[in-house]
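Both of the next two complexes hold chain A, though its partner changes from chain B to chain C.
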Partner chain A sequence: MSLAAEAFVSQIAAAEPWPENATLYQPLKEDQILLSDCASSLAVQAYLRMCGLPVQVVGRANAEYMSPSGKIPFIHVGKQVVSELGPIVQFTKAKGHSLSDGLDDVQRAEMKAYMELVNNMLLTAELYIQWCDNATAAEISRPRYSSPYSRPLSYILAYQKQWEVRRKMNAIGWGGKTLEQVYEDVSQCCQALSQRLGTQPYFFNKQPTELDALVFGHLFTILTTPLTNTELAERIKSYSNLLSFCRRIEQTYFEDKSS
Partner chain B sequence: MATPDELFCWEGDWGLPSVSTDCLVVLEISIISVGLKSQDQTTVEEKAYAQFAGAPLKLRKMSNPWRSPSGSLPALRIHQKETLSRPSDIIIHLRKQKYNADYDLSAKEGADSLAFISLMEEKLMPALIYVFWIEPKNYVDVTRRWYAEHMPFPLNFFLPGRMQRRQMEKLRLLRGDESLEAGEEVEKELYHDAVECMNLLSQRLGSQKFFFGDSPSSLDAYVFGHLAPILKSKLPNGKLQQHLKSLDNLTNFCTNILLLYFPRDGRENSNQKPLVQHDSGDFDHVPNKRRKQFLSALVALGAMVSYALLTGMVSIQHIQQEALEEPPDLQAIEEEGDG
Partner chain C sequence: MGAVHAKSLDPLPMHGRDLGVSPDDLVETPELEQEAKQEILENKDVVVQHVNIQGLGRTKEDLLGYEISEVFNARNLIDVMKKAHVARQRLLRLGIFKEVEVLIDTSEGADALPNGLDVIFEVTEIKRLTGSYNTMVGNNEGSMVLGLKLPNMFGRAEKLTFQFSYGTKETSYGLSFFKPQPGHFERNFTLNMYKVTGQFPWSSLKETDRGVSAELNFPLGVTSHTLKWEGVWRELGCLARSASFAVREESGHSLKSALSHTVSIDSRNSAIFPSRGALLRINQELAGYTGGDASFLKEDFELQLNRRLFWDSVLSASLWGGMLYPIGGQPTCIADKFYLGGPTSVRGFGMYSIGPQSEGDYLGGEAYWAGGLHLYTPLPFRPGKGGFGDLFRTHFFLNAGNLCNLNYGEGPQAHLQKLAECIRWSYGAGIVLRLGNIARLELNYCVPMGVQSGDRICDGVQFGAGIRFL
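Right, the complex of A and B next:
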C-alpha cells in the first residue's frame, strides 16, 4: 500500500468503529493454502483476536489476485481492504486498537527487529522449503497451489510461481544454500526467539504484542502442517519454551471461541 | 604454516576503507575478530593481530571484480583453493576458525544482534540499493562515475551498467514489484522504512559506545557497513544522509569506528580530498599502463588480421578443401598396402 493511500486510509479509519462484518480472505484452507501463506494468515488472525476484533475467515481460490499487494492475507473492513500484518497493525492502530502502546522506545525497537527476524529467516525458510526443495515442490506445493485450475493453466501458474520464488532466493543469496543450511538457519532463528522469550509468558512479559502474534502464526503452522519430512517441525520442538508459548496462545485466544 | 587466507575487497574512497557495504561489514568483522595483516596496517590492527597470531588474513583491495577468484567482491580465498563469496559464508568460516566477533556476547545479546541484522536487511538494504543504484542523479553522478573511473579499461564500459541491472533486479524481487522504476512514490516508501530503521537503531544504541557496551561485535560491523556509506558519500540526493546526520549518536558511532579501526583511510581522505578529482586522470595511467599497451596492441593486431582476411587472404578455404580431399586418398593407399 502506498504511503498516500495509507495516510488516507488511516484518516478514514479513525472515524469509523470496527464493523461486525469484517472479513479476512485467504486461499482455500483444505486443498490450496501453502505453509507460508497459512502462517501469515494465522499471524493476522492471532493479532486480531488479541485485539479483540472479530473477523470472519473466508477461503477464496483467487485470494492472491484479490489482495492489493498480491500477498496473503488481506482483510476487508467496511470500505477498506488492507493486506499483510504490518499495514493491518497500522490500520487497527488508527482505529484505536494497539497492543504495543505500553512499550518504551527501546522495547519497540526490539519488537520491530524481532518481527523482521521472523520475516527474514522463518518466512524465507518456509518459502525455500516450499519451492526450492524439489521433493516438496513436486509433491505438495505445485499440486496444491494450482489445485483450483484446470490442466494447462495449472502447470503454467505453478511453474511461474516457483520460478519467481527461486529468482528471489538467488537475489537474496539463498539460492546456493542447501536444505541442511536452511534448517540450520531455522534453528538459529528459533534459538534467538527462545532466548528472547526466556521464561516470560509473552515476549514483552504479561501483555501480548504483534510480535507474539507473528511468532505464533509461523511456529504453530510449522508444527501442525505435514510436509514431506518432519525435520522442520523437529527443529522447533527442541525449544520447549517456544512450544509452551504456542500452546498458551492457542488456548487463550483460539480454543474458547471454537468450543 | 599454511598460506594465509586472502580477503578481496572493493577499494575505498570518501574516507571509507571500502565503498561496498558487504565489503565494509566483512572487513570490520575480520578486524574485530582476527586482526588483519595488511600493508596499511595500523596500531589497533597490529594489536588485534598480535592477540590472534594464529592464521591472519591478507587483505587485497582492488577495483576489478574480475581479478577476484569468485568474480565478485568481497571474496575470501582459503588456502589458495576454496573461495567464499557470500558475506554470511565468510563470517561463518571465520567463526569456525574460532575468530568470533561475538565471543563475549551473552545468548540474549546474540539473539538481539541477529534480530537487528534482520531489521537492517529488510528495511535499510532496499533503501541503500535505491540511493546508490536506482536514484538517477545519484547513480549517474556518483556511483557509475566512481566505478567507471576506478575499473580498468574495457570493464569500465559495461560492468557498472551490469551491476546496476543486477541491483535493480534484486530490488524488484525484494519488493515483489516487477515494474519498479525510480520514482517519487517508491522513493518515499523506501526512505520511510529506512528512516524508521535508523530511528530504531538510534534508540537501541542510546548513549553507549557500541551496541553491546564497550567492545564491538558483529552487529556493530553491520550497522557501520550500512550507515557509513550513506554518511560519507557525497550524493546529489542526500535525504537519507540529512536524516542520519540528525541522529547524533549514530553519526558519532560511525566516525568513532572509522577513527578506531580505519584511521589511515580517514586521514588519507582529509588530506587528499581536494586532489582526488584532479588526480583521477593521471591516476589511471600508472597502474594500468602495461595492460593498456597490451590491449591496444591486441586491438591493432585484430584489426590487421580481419582486414587481411576480408580483402585478400582466403587461404582458409584452400585448407578446408585439402582436408576434405586427403582422407580418402590415405585410406586408398592403406588398403592398397594391405592387399
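Right, the complex of A and C next:
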C-alpha cells in the first residue's frame, strides 16, 4: 500500500469502532489452502485474537483474487478491505488496538527485524518447498491449488502460479538452492528465533506482539501440516522452547475461545 | 460497378474498324459478319457457349464454377447481361477479387454456333496478404493496432484475419478463420481465438476473456441461423480499490463452455433507418452442458416493427426481453447477467444504471424487458435533402423497461409481477445521425420517469453512440 493510501485508510478507520461482523477471508480450508497461505492466515488470526478483536473466518475459492493485494489473507471490516499482516497491524493501530505500544524504539526495531527474518526465511522456504520441490508441487500444491476449477483451467492456473513463484525465487537468488540448503536456512532461522526467545514466554517477555503472532502462524502450521516428508517439521522440533511457545499461544488464544 | 460490354446493345451503329479501337474488344471480326450478327442477337435466342475467367492466380476454378454457372442458362441477350451482372456481384461478394469486369463476345472458333456467345470475366485478385496498422488514444490509454489479413488463403475464399492490439495498459488479440461452402456463401464456418479486455465502470468491474469459438451460419427459408460453441476463460477483477464488496466477491477465474443458437428474420430495408419491415432475433445460450464452471440457460429476444407514415416519417416499435436461468443451484456470474439503461436502451438513465446495485456498482439482473416507440421524421425544413441531410433524422421517443433478479422458487406468476412493478420509463426528442450502415449517434433531450432509488439518471441532454438501439 502506498503511504497516501495508508494514511487515508487509517484516517477513515479511526472514526469507526471495530464492528461485530468483521470477516477474514482465506482459501477453502479443507481442499485448497496451501502451507504458506495457511501460515499467513493463522498469523493474522493469532494477532487479532491477541488484540481481542473478534473476526469470523470464511473460506472462499477465489480469496486470492478478491484480495486487493492478491495476497492471503485479507479482512473485511465495515467498508474497509485490508490484506496481509503488516497493513492489518497498521489498520488496527488506527482503531486504537496495538500490541507493540509498550515497546521502546530499540525493541520495536528489533521486532521489525525479526519479522523480516521470518518473512524472508520461513515464508520463502514454504513457498520454495510448495512450488520448487517437484514432488510436493505435483502431489500437493498443484492439485490443491487448482481444486476449485474445472479442466483445462485448473492446469493453466496451477502452472501459471508455479511459474510465477519460481520466477520470484530466481529473482531473489533461491532458484539454485537445493532442498537440503533450504532446510538448513530454516534451521538457522529457528535457531535465531530460539536464542532470542530464550526462556521468556513471549519474544518481548510477558506481552505478546505481532512478532509472536507471525512466528506462531508459521511454526504451528509447519508442525501440523502433513507434507510429502516430515523433514521441515523435524527441523523445528529440535528447538524445544519454540515448541512450548507454540503450545502456549495455542492454549491461551485458541483453545479458550473455542471451549 | 464494372462496365458491362456488349456489342450488340451499343446504341451507335457499328462500323467495323470503330469497334476495333475499343480496348475491351479482344476480337476483330470482318465487317459484314458484324452487322449480320448484330441483328441476330437482338432478335433471336442465343446460346452461351463458353464462360471464361481470366486473371486467376491462386483461386481454384471449381469454386467459381458455382458462382457463374447460371450464366449458361441464359436464353437471350438481355438475360445474358442480367445473369452476368448477378454472377459478377456473386464473385465480388466472395471478397477475394479487387475488380471483376465482364465481357460478352460472339463465339469464335471451329465449333462456334451462329448465335453462340462467350462470356469472359476479367478478374483482379486481392493480394495474398494485406495489412494495416493504426494507433488509438483515449481513456488514459494509448494503443497500437496491427491487422493482418490473408484473403483467399487456400484458393477457395477462405479468410484468415489476425488483429493484435498492444496498449499501455492492455494487450488483446484475435485470430479468425472463415470458410464458406463453395456455391453457398451464406453457409459458412468460422473459427475464432481471442483475448479481449473490457472495463465496465458502472460495475467497477474489469474482465479479461480468453477464448475459442466455432460458429456455423446458414440460411433456412427466410430465416438465418447461427450455431455456436464457445469456450471462454474469464478473469474478473475490481477496477478500483473502492469497488463494492459485492463486485469484489465475483473476482477470480471461471471457465464457461456454452452452446448457443441464434435465429433471425430480417425484412427491413435498412439496418439503421428502416422505413418498413420487421426484425425478429431470438438467441438462446446453454452453458455448463459441455463442461466449465458456469451453468445457466439464457434466453434473449429482440423484435422491431417499422411502418411508413405521412411525409416520410416512420413509426418504429421495438421490444426486447431476456431471462437468465441458473442451473444446478449455482448463483449466476455478474458477467452473464443483463444490464439495462443508457442512451442506447432506456434513454434518460445512466449507462447500464438500472436495477440491483451495491454501493453504487450495478450488479445486473436475471430478467429484463424493454420497449420503445419512436417516430422518426426528416429534419425540419429538410436541409441538405438528397445528400448530407439524409444522414440525419429527428425522433420522438417513449422508452420503458425493467430489470430485476428472480427468485425461481416463486413461480412464473411472481416473476411477471416483479417485472411489471416499478417500471422505469422516459420520453423525449432528439437528433439521430447515421454512421455508415452499422452505427448511429444520438443527441436527445430526455425526461426519465418512474425512477427507483439507486438508479442513476441523466435528466436533460444525453449523448449516445452504438450499434444496437432500442
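Keep in mind that, in the parts below, the second predicted complex is superposed on the first by the 259 of 259 C-alpha atoms of A that agree within 3 Å, B and C clash if a C-alpha of one lies under 4 Å from a C-alpha of the other, contacts with A are read in each partner's own complex, and residues count from 1 in each chain.
Simple rule for what comes next: contacts are C-beta pairs under 8 Å (C-beta built on N, C-alpha and C of every residue); 3 or more make two chains touch, one makes a residue touch a chain.
On a predicted model such as this, the values are computed, not experimentally measured, just so you know.
Student: Just to be sure I read the superposition right, which of the two partners does A:Met66 touch: chain B = first, chain C = second, or both, or neither?
Tutor: second
Student: More residues of chain A in touch with chain C or with chain B?
Tutor: Here the partner covering more residues of chain A is B.
Student: Output check: A:Arg166 vs chain B and chain C. Expected answer is one of first, second, both, neither. What do you get?
Tutor: A:Arg166 sits against neither chain B nor chain C.
Student: After the superposition on A, what does A:Ile156 contact: first (chain B), second (chain C), both or neither?
Tutor: In the superposition, A:Ile156 contacts chain C only.
Student: Name the contact category of A:His76: first (chain B only), second (chain C only), both, or neither.
Tutor: After superposition on chain A, A:His76 lies in contact with chain C alone.
Student: Which partner does A:Arg248 contact after superposing on A: first (chain B), second (chain C), both, neither?
Tutor: neither
Student: May I ask you to decide whether A:Lys112 touches chain B, chain C, both, or neither, giving the answer as first, second, both or neither?
Tutor: It touches chain B, and chain C stays clear.
Student: Shared contact residues on chain A, chain B side and chain C side combined as an intersection?
Tutor: Shared contact residues on chain A: none.
Student: Using the touch definition from the top, list the residues of chain A that touch chain B in their complex.
Tutor: Going through chain A, the ones touching chain B are 2-4, 69-71, 105-106, 108-110, 112-114, 116-117, 119-121, 167-168, 171-173, 176, 188-189, 191-193, 195-196, 198.
Student: For a test of understanding, state which residues of chain C touch chain A in their complex under the given definition.
Tutor: Going by the criterion above, the answer is residues 233, 236-238, 241, 245, 248-249, 251-255, 291-293, 359.
Student: So in the complex, which bits of chain A are touching chain C?
Tutor: Answer in residue numbers: 5, 60-62, 64-66, 68, 76, 79, 81, 149-153, 156-157.
Student: Under the touch definition given earlier, write down the residues of chain B that touch chain A in their complex.
Tutor: Residue positions touching the partner: 86, 88, 107-108, 110-112, 114-116, 118-119, 121-123, 169-170, 173-174, 176, 185, 188-189, 192, 196, 200-201, 203-204, 206.
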